[in-house]
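Here's a structure for you.
Letters A, B and C mark the chains in the order given here, with residues in each chain numbered from 1 onward.
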Amino acid sequence: MNFVQNFPAVSILLCLFAGIISSGLKKKAARFVNTVLISIVGFLSLCTLIYVMGTGESFVYVMGMFPAPWGNEIRAGVLEAFTALFFCIIMLLSLAGGRKKLADEVEEGKTFLYYVLMDLLLASLLALVYTNDLFTAYVFVEINTIAACGLIMIRQNGRTIEAAARYMIMSLLGSGLLLMGLCMLYDLTGHLLMSNIKEQIKWVYVSGQYRIPLLVTIALLSVGLAIKSALFPFHAWLPDAYGYSTVSSAAILSSLVSKGYIFLLIKIIYRVVGFEIFYESRIVDVLFVFGLMGMIFGSISAIRENDVRRMIAFSSVAQIGYIYMGIGMGTQAGMEASIFHIFSHAATKSLLFIGAIGLTDVSGGSRQFIELTGSAYRNKWAGVTFTVGSLSMVGVPLFSGFISKLLFAQAAVQNDVKMLPALIILGISTILNAIYFMKTVIRIYTPVEERKYESITFKDMKLYVATLACFIILNVVLGVSSQPIADIIGQGLAMFS
Amino acid sequence: MYYIILSILFPIFTGVYLLVRKEMKSRKNLLMAAGIFFVISAVLVILALCMAGNGLFTLFNLTNRLPILFKIDEVSVVFSVMAVVVIVCAGFFSFAYMKHEGKEKRYYGYYLIVLGVLIALCFAGNLITFYMFFEVLTLSSMPLVLHNGSKEAVMAGLKYLFYSLSGAYMSLFGIYFLERYGNTLTFSPGGVISAEMAVQHGGILLGICFAMLIGFGVKAGMFPMHAWLPAAHPVAPAPASAVLSAVIVKAGVLALVRVVYYIFGVSFLKGSWVQYAWIVLTLTTVFMGSMLAYREPVLKKRLAYSTVSQLSYILFGLSVMNAESVTGGLLHVLSHGFIKGALFLCAGAIIYMTGKTRVDQLRGIGKEMPLLMWCYTIVSLGLIGIPPTGGFISKWYLAQGALLSDIPGFNWIGPVILLISALLTAGYLLPLTIRGFFPGADYDYGTLKKKEPPLIMTVPILILTALSVGIGLFPQIVTNYLSHIVERVI
Amino acid sequence: MIMLVILIPVIAGILVSLIPFKKRSHMETFLETLVILNSLLVWNLLIHRPESVFTLANFTGNLSISFKVDGMTMVFAGLVSGLWPFATLYAFEYMTKEKNEKIFFTFYTMTYGVTLGISLAGNLLTMYFFYELLTLVTVPLVMHTLTREAILASRKYLYYSLGGAAFAFIGLIFIIIYGSTTDFILGGVLDPEKIGGRTNVLLLIYVIAFMGFGVKAALCPFNSWLPDAGVAPTPVTALLHAVAVVKSGAFAIIRLTYFSFGVEFLRGTWAQNVVMLIVMFTIVYGCSRAVKETHIKRRLAYSTISNLSYILFGVTIMTPLGMVGALTHLVFHAVMKISSFFCAGAIMHQTDKHYVYELNGMGYKMPCVFGVFTVSSLALMGVPGLAGFVSKWNLASSAVESGNRIAYGGIACLLISALLTAIYMMTIVVRAFFPVKEFDNTKSLEEEKDPNWKMLVPLFVFTIFIVIFGLFSGLIVDFFADVAAGVY
């Protein structure tokens, strides 16, 4: 066994240990541990990625000594490793961007707790990405939920508590459905390891038995994860949760947490149910339709919103809709587009949240549009960043959003039935995106006559500006040299099956 | 060859020169200049007619397939002579008349341009050249209509502009098609439509021919697009109305002559629905124009309606399409041109001297200005069609043509309507003479003063009157000349 | 070389906002020099056409950003580079009365580069890329005055343009999937084998993409951004909203129709009929709205809407002759409309008059401006001897030649529109030169006079071109015919 093969498991364990250690540390030390941790995990993921790309095949790492059918397994392929790396980058940048703000948002005594939760969140995300058995997946789904809840709640005011409660309820509903699905799967197959289940399911499917239980299982799994990732119409918890939590939390929640569930869903589709069987069930169409509706209604809600943070949050609903539309197309190309959009949206949405905070800070902390007028002149870097993010969301070439749109559309054309609705909704949704994002951009670039608020200078926010620069570069890299990433996705999907 | 260009460009350039230069020091200088320009232009036209021969003269190519070319044939001669005579006469008449209208420099500027453009229209050798100058004519004559600048004059000017343009665009619609379906756009007697095309695209060709008839008919005041005429004439200065009514509307007639006889050709149109529709339209216009004139109290407006009616006499002659009727039509072009020019100038002289515009104000006018009223009476008789004036000869030919034609129904309806209209003409023209010379018992002779207009006004009127009588006395000269045209096109 | 002509204006624009010029005239000299230099480079590039395709970057798969100089490029880039130096000269004078000049000139000059990018684009993706960029760089120009009106207008402009691009994007995708390449090849790139039985879907997509690009070309019902965008300073309205931006839309549609989908595929289908009917409707609609409008610039904007659809009408005829007609009007209308807009701008600049009814007798105060305005009005009406007639002639005769019955109706629309054009343009001319009697032409003759040479030179140059194009169109129309035949 190669040394590198230990890395995925090690990074998960590292995160858990770091969380435990941090709980006894002071604020600054916890922050330091957290930063180092994310960097190390990122580095380990990079090594894994290079290793896996070198060998050209995935590997399975057995945790503990339990043999199948009970064992805990970790599996790392190109896609897993890349996703882990990407998540680390986004998390690092989001935390760096929101660091200054965190002091205002979280009570002094609780800051270390914030980083503890971050560590746990990273652990659960990594586990969701790497896991090869459903039991581990379920455990970390719950850990993830709890950590996320904590991250929302740690900023204490009435609205976050309400938001966290809502999030908790919806998430637990999702987990419950997921658990039911897992139980039924275990009933049907007698296994918890993904590869074993898949074989059994294939056999069951061919034999023609248990058709309806199988369908119900697939439905439960999909719906459970869809609720957790805020697919329309299960998004009611989302605007408040993203809108009122700390900015780093919002960025991470929207760009990573929901994506973790989607990644798990994709993994289940490929590794557990099997792509063909999943495609045969009509669940794909349901996901497709809800994805389309999410694209439209998410954007419409965003247009009606007067609060910039909540607007970005609603935009997430629309973007999640894009991803589910891609999955719902039921083609390889659609899946690739969805995965690309996971990355592209993660990069863009965190950028928007971090950029928006720079704008609201120079507008007296108010997030209402009327106060934001001219804020791009008061904080130039945030203004530029927000503009870049908006253009990417609208799908202007050069930015990552354009490539996702391109991939989605190309995927749509390959499916004769779903082509027209997908393309037309894609077009309409672009217009809607343009409406609310461009409205904001024009608003922040409209100068005001009287100077109500002070401008901010570069000296006060070096770290913040550096983060923004990284975000913009990341976005443009995704937008311009997308071919390597598309290759990785294709390779990774091939490794899944 | 170059006389053609010279005779066209000289008036246009002198007109533009008058427009753009600063106000002259004295009115006398302006009149002197304008007078010299008129005479030179007239001489140039005559030179062009005599020297140019009848070859094609291509000036340049508008696009690869659209040459701007000129050619002088008999039709050009007839129309251009009439135009030059009336325009020069009315021009000299304006020397006195325009004194009270003001803005004379502008007036003579546009007046000269109109002269040049009209000459160009007469000399145009193909449809596209014709169309080009047709539009320019509309644009350059509009300022003459709205000259006095009152609100209604401006509105009338715009009305004139938009009516004319809509007509022009309707004909342009046809030209687009003709360029494709005809062999060429050059005017050639007998038409340019090949037999093959006539069979293949007969329906479309007839359709566009009708569109072009209506379109060019706008300028000739043909029903249903005649409404601009009675609006434009009364507000324009009298000499301008004379030119408008005697010459500019004839550009429409010329257009129809060219389109029907030189582009589509008689053989293609004769007996088609287009011909019948056209006859119906002309007869309607003849009758309607006379009726409206009969009811109209304002003298110039009455004359304008009269023009509507008389022009359709000409068009009726053209629409019947046989030798006699066409001769009659062309002859009426000349006689109506002279007569209507004289009539409007008379009306102008009356307005100038007395300021009265309505017929019922003009009791006893014959006692005040007998010479003028004699002229008026003579040309009126001509318009009614009483020998020995030009009008009689032309109407004779028209009626004869209608009777000889083998179109069922129209060969007797036509003459009847012409006759009724002649009676109505007498009804609306002669009361002025009668009441002018015989004002009745209660007329106060004490206040009577001789108010004969100045010589510069009377002489042009006398010339035009003499010419109209001349045609009636020696019709052979003209009809012989016209027979050349008729032989070729029928 | 190709990159250079795109980059010089962009860099020049950025430099203008960075360099602290001591005097305004320094900035003028700097900008004008660079713009003229760039135009010379463009012309040099067009004359010595590099045959090869220049590829800048590869996106995913077979998608690349690449440039090529072909016949269409020569037409559009030649037009734009010919007009820009004059428009910049005009803008120097016009902007003396506006604020924030530097920002204005930054984006104004950058637009030059982006427009050239559209014309030089060698494939559909590159064109789409610059098309989106064009929207973005012109938005600051529309919202320049920063009044509430301007901001609303710029928002509307953004929504419409980006939305249109979103639907044009669908067309792009289909060309990627069903075409053999995305490069522009006269006659189209669709691969019959890949299409199979999906002809109707592709036709539907063509209509959608046509409408999408049509947003920039102000096709009805997506036209309302254009009159609203007239709140921008006049050089913008004149150059961008009569030439660069809107013509980019028309240009893109020509590319889409003749170079991507291919006319062989489209001719005689329902798709052709649909787009042709929409275009015909727009022709008449734009004109009738123009007649109702009393604000000069808005009136001209509606006129632009109608005239753009003339170009599109030529495109929808879908024959080489139709393309000749479209190209003729593309170029000729640019010259005519920019000169009439510049006149409107000169009037606003000198007298602050914005409405038609304020223009009584102005012809005597500003004879040069109104002289030019009259010439451009007559040309727009299509008086023979001026540019407008030739382009209309080409359009109509191509319609006759195509034998398409709907196109015959289109000719009628052209003529109705010509009449309406006469109504809305000539009423201005008549008002200016033939004021009603009460008008007193001695009053305030002093302060309201013709503008200085910076404004007049462009006006006269354009007028000369209107006349030259009108009288001697043979050469240039031959050139267009070569372009349509694929000689270049």
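Of note:
Definition applied: a contact is a pair of C-beta atoms (placed from the backbone, for glycine too) under 8 Å apart; a residue touches a chain by one contact, two chains touch by 3 or more.
Listed by chain with UniProt protein names: A = Sodium:proton antiporter; B, C = Proton-conducting membrane transporter.
Because the structure is a prediction, the values reported are computed rather than measured.
The chains that touch chain A as well as chain C do not exist here; no chain meets both. With centres computed as the average of Cα coordinates, no chain lies farther from chain A than B. For the pair chain B and chain C, the distance between mean C-alpha positions equals 43 Å.
Mean C-alpha position of chain A lies 84 Å from that of chain B.
Among all residues of chain B, none touch two or more other chains. In chain C, no position touches at least two other chains. For chain A, the set of residues that touch two or more other chains is empty. Contact residues of chain C toward chain B in the complex are 378, 381-385, 389-390, 393-394, 396-397, 399-401, 411-412, 415-416, 418-419, 422-423, 426-427, 430, 433-437, 439, 470-474, 477-478. Residues 57-61, 63, 125, 128-129, 132-133, 136, 139-140, 143, 146, 151, 154-155, 158-159, 162-163, 165-167, 169-170, 173-174, 176-178, 198, 201, 204-205, 208, 212 of chain C touch chain A in their complex. For chain A in complex with chain C, the residues that touch the partner chain are 391, 394-398, 403, 405-407, 409-410, 412-414, 416, 419-420, 423-424, 426-428, 430-431, 434-435, 438-439, 442, 445-447, 480, 482-483, 486.
Those residues of chain B that touch chain C in the shared complex are 60-64, 66, 128, 131-132, 135-136, 139, 142-143, 146, 148-151, 154, 157-158, 161-162, 165-166, 169-170, 172-173, 176-177, 179-180.
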